[in-house]
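Letters A, B and C mark the chains as written, and numbering starts fresh at 1 in each.
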Amino acid sequence: MGKGKTLFWLIPLLLVIVAIPGVSGSVTAREGVFLILMYVTLAVSLNIILGYTGYVSFGHIVFYGIGGYVAFYLMIFHGVHLIPAMIAGGIGAALAAFALGEAVLRLRGAFFAIATIGVNEAVKALVNNLNFIGGAEGLFFNFSIYKTYGGAARAIWFSYYTMATVTVVTIVAAYLIKKSKFGLGLMAIREDEDAAIILGVNAKRYKSLAYAASAFFPGMVGAVFFFKAGNIEPHDAFHLMKSIEMIFMVMLGGYGNVTGAVTGALVYERLKGFLLVNPLFKNLHMAISGVILLLIVLFMPQGIIGFIRDKSKKLRELLE
Amino acid sequence: MLSAWLGAVLSGILLGLLYGLAAIGLNLIWGVMNVINLSHGAFIALGMFSSYFMAKYLHLSPFIGVFLVLAMGVILGMVTYFVSLHKIISAPELSTLLATYSVSLVIIGLGTFIFTTNPRAIDIALGSVSVGGTVLPTTRILTGIFSVIFTLWLYYFLYKTWSGKAIRAVSMNRDAAELMGVNTTMALALAFGIGVALAMTAGALAATIFPFTILSGGGYELKSFVICVLGGLGSPLGALLGGLILGLIENLVTLKIATSYVPFLEFAILVFILIVKPTGLLARR
Amino acid sequence: MILQVEDVTKTFGGLVALSDVTFQVEEGEILGIIGPNGAGKTTLFNAISGVFKIDKGKVTFKGKEITRLPPNQRARLGIARTHQIVKPLNDLTVVENVMVGACFGQGNASLAEARDKAMEVLEFVGLQEKWEVLAGKLNVPEKKRLEMARALASDPHLILLDEVLAGLNPMEVSSMLEVIKAIREKGITILMIEHLMHAIMNVSDRVMALVYGRKVSEGPPQEVANNPQVVEAYLGDPDLALKLFKDKRRRG
């Protein structure tokens, strides 16, 4: 396992990317990087349960939605500042995952995947009916909320840097988890859960904790995203397609390692941007994404980074 | 009051039979191949469009065209199997889930591009029948009857024909079946083909009742998950029964509570059954 | 006495896999378990390591009742095992596999300690050169050694060895036997299932025979091997079986 050198280049690189819109003041660049940061955070956190532990959480977006709703509710009705509201959102999502995990993590393989889809759809349908959080119409910010942050324009910059912080924290946390005894236990579960238990791994507890960790960060992302958007509604917060985008990113970059998830998110954002803007592909972006996904699954299941990592030992240490 | 109940029960049964048929394809593929076909909904939508175009350009009644849809579906499904699944059929679930999902992306992506997402409906007027004061459109009754016919056909196929028996053998033990001389690859491809064909058939029938877009299969796909865990895997009759339960729940529960709660109820049932008895509520295993 | 098994019964459907099995294991001894296929030997290991709940009976380890403890807690108390059908963690390296044992077993090592421990144990079982290889890439004899290494790295008090000699060539068998003897030198109690009669007779202090889930004989190796019930279970004809056993012993 060793210390590893991945963070020493990954974090500085990320900080440079984050600084670009700040220095140039370009709003377009900021929107692009914001999206990248969001994707990176979602992919890296999903990787904890999917890549490290081997559980296919197909409806993972539910935690993003829960975090978003918790934070939005606190901000609107209790005037809570974004930062504490965001942390509350993360904790809410993590608690939900922990409680849920105790039940659904007993399922293995495809049954777990279907159960997580079911959970996401059930929560979406429930929120649709809860009038105190806006029901199907959702909730809207009154623009006066942004006053605390020095106006709407500044509030958006604030949310941008908040997202960047969340991203850095997520990457560091995911990396440390992978390099810890806890991470070793998770990977043992992924490889052979029964063998891991016989070797002494408390699989039940570890899985729940991994699920909670992988829900905590998407919860915070949801909080920041919907703060920036100014409104939240169930269809947006619990959109199954976004779940699958997360899985796509992890697969694209490479299952089980932090650099893979980051790379997958970067490539996906660029790819999606390209397909959506290019007049030739604009209307076909979905079909093309499908073809690419299929090609990855069939011919490069270890993802871009996994593929490169296999080439040399030096690269393995740099790309964890 | 009584007639309200009777009406709800009757339309619940008819809708339930259609739901059952929609779920059977998913159930078959899940049970035989241990693959959860996430392109199920996309194929249902494709069935809707097939029926629509046959009615529009070939002037073929959907209730005749449905047999053509079935045949097309078998071929399309088998091709899909060889293109997207054959290489990874023994890989972990994530691979097959993503492969079938990518098929769904391709179908829906192309469908959106070609057909847009404007709703369409098949222009069919067959009148209605009055049963005990409840007026039921004939298309609904025919849809229910056809659902039963296709289910019985699948039952016959699986239990009485050589190919069907081969598929069942493969679902029980792939290696043993191979040793007994079953061509497992063809059996798996055929199972997928029939699963897809039944999904398209259900779509073709549903299109006679409700307006639709290329995205309309999604709802049926999610309901099919619920039906599969209700009825248990690998049994056509179980799926039909699961469909009936769901259809009745939808129609009866809405007499008492708001319709908007129904999806919540359905998914809560799904998660609950999975946790309590993942092989399905009515399964023997 | 380190392990006490009392009246353990386990059925699968209608099939009785273990029926009122009672025995004890003394600290530091090697107890061999023999019996024909389907006698319930691996089921007994599963009952001791906690893979499933037993229907009836009691298992006591180091004076503590463990009948209802989950497997991971039993591992923590110091029961380690290998599997007849090896279960390597394929996508982890050999050293990481062994570290899992060191980290989560009785030793409860930190990651750094586990690494040192793992390298030490890999040398002990003769797998040190493969430490960086992915476990899935090992051949079968190497995977068996890996199973041993993982179990040993946990610093167990009791180790359950399930057919670690099966499928090995004579050279590999004798080197594996050396490893087993060396484990005993460390003061670790060994309970082993084996089909290779001469090997188990040589290395065990005592032998227990299971037939159709029942204990039919227990005692010094010679005595158990000569027990007509045991012999009959192995081969239909007692006379012939006896002759074979004697031949084998003379040669080995």
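Basically, a contact is a pair of C-beta atoms (placed from the backbone, for glycine too) under 8 Å apart; a residue touches a chain by one contact, two chains touch by 3 or more.
The structure displayed is predicted, hence computed values, not measured ones.
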More contacts between chains, A-B or A-C: A-B
By mean Cα position, the chain sitting nearest the middle: A
Between chain B and chain C, centroid-to-centroid distance (C-alpha), Å: 50
Whole-Å separation of chain centres (CA-atom averages), chain A against chain C: 44
Geometric centre distance via CA averages, chain B-chain A, whole Å: 32
Residues of chain C touching chain A in the complex: 49, 51, 70-72, 75-76, 80-81, 83, 87-92, 96, 99-101, 103-106, 110-111, 114-115, 132, 150, 154
Complex interface listing, chain A residues touching chain B: 50, 54, 56, 58, 103-104, 106-107, 109-111, 113-115, 117-119, 121-122, 124-126, 128-129, 136, 244, 247-248, 251, 283-291, 293-294, 297-298, 301
For the chain A and chain C complex, residues of the former touching the latter: 1, 179-181, 184-185, 187-188, 190-192, 194-203, 256, 313
Contacting residues of chain B [partner chain A, same complex]: 30, 34-36, 84, 87-88, 91-95, 97-99, 101-106, 108-110, 112-113, 222, 225-226, 229, 258, 260-261, 263-264, 266-268, 270-271, 274-275, 278
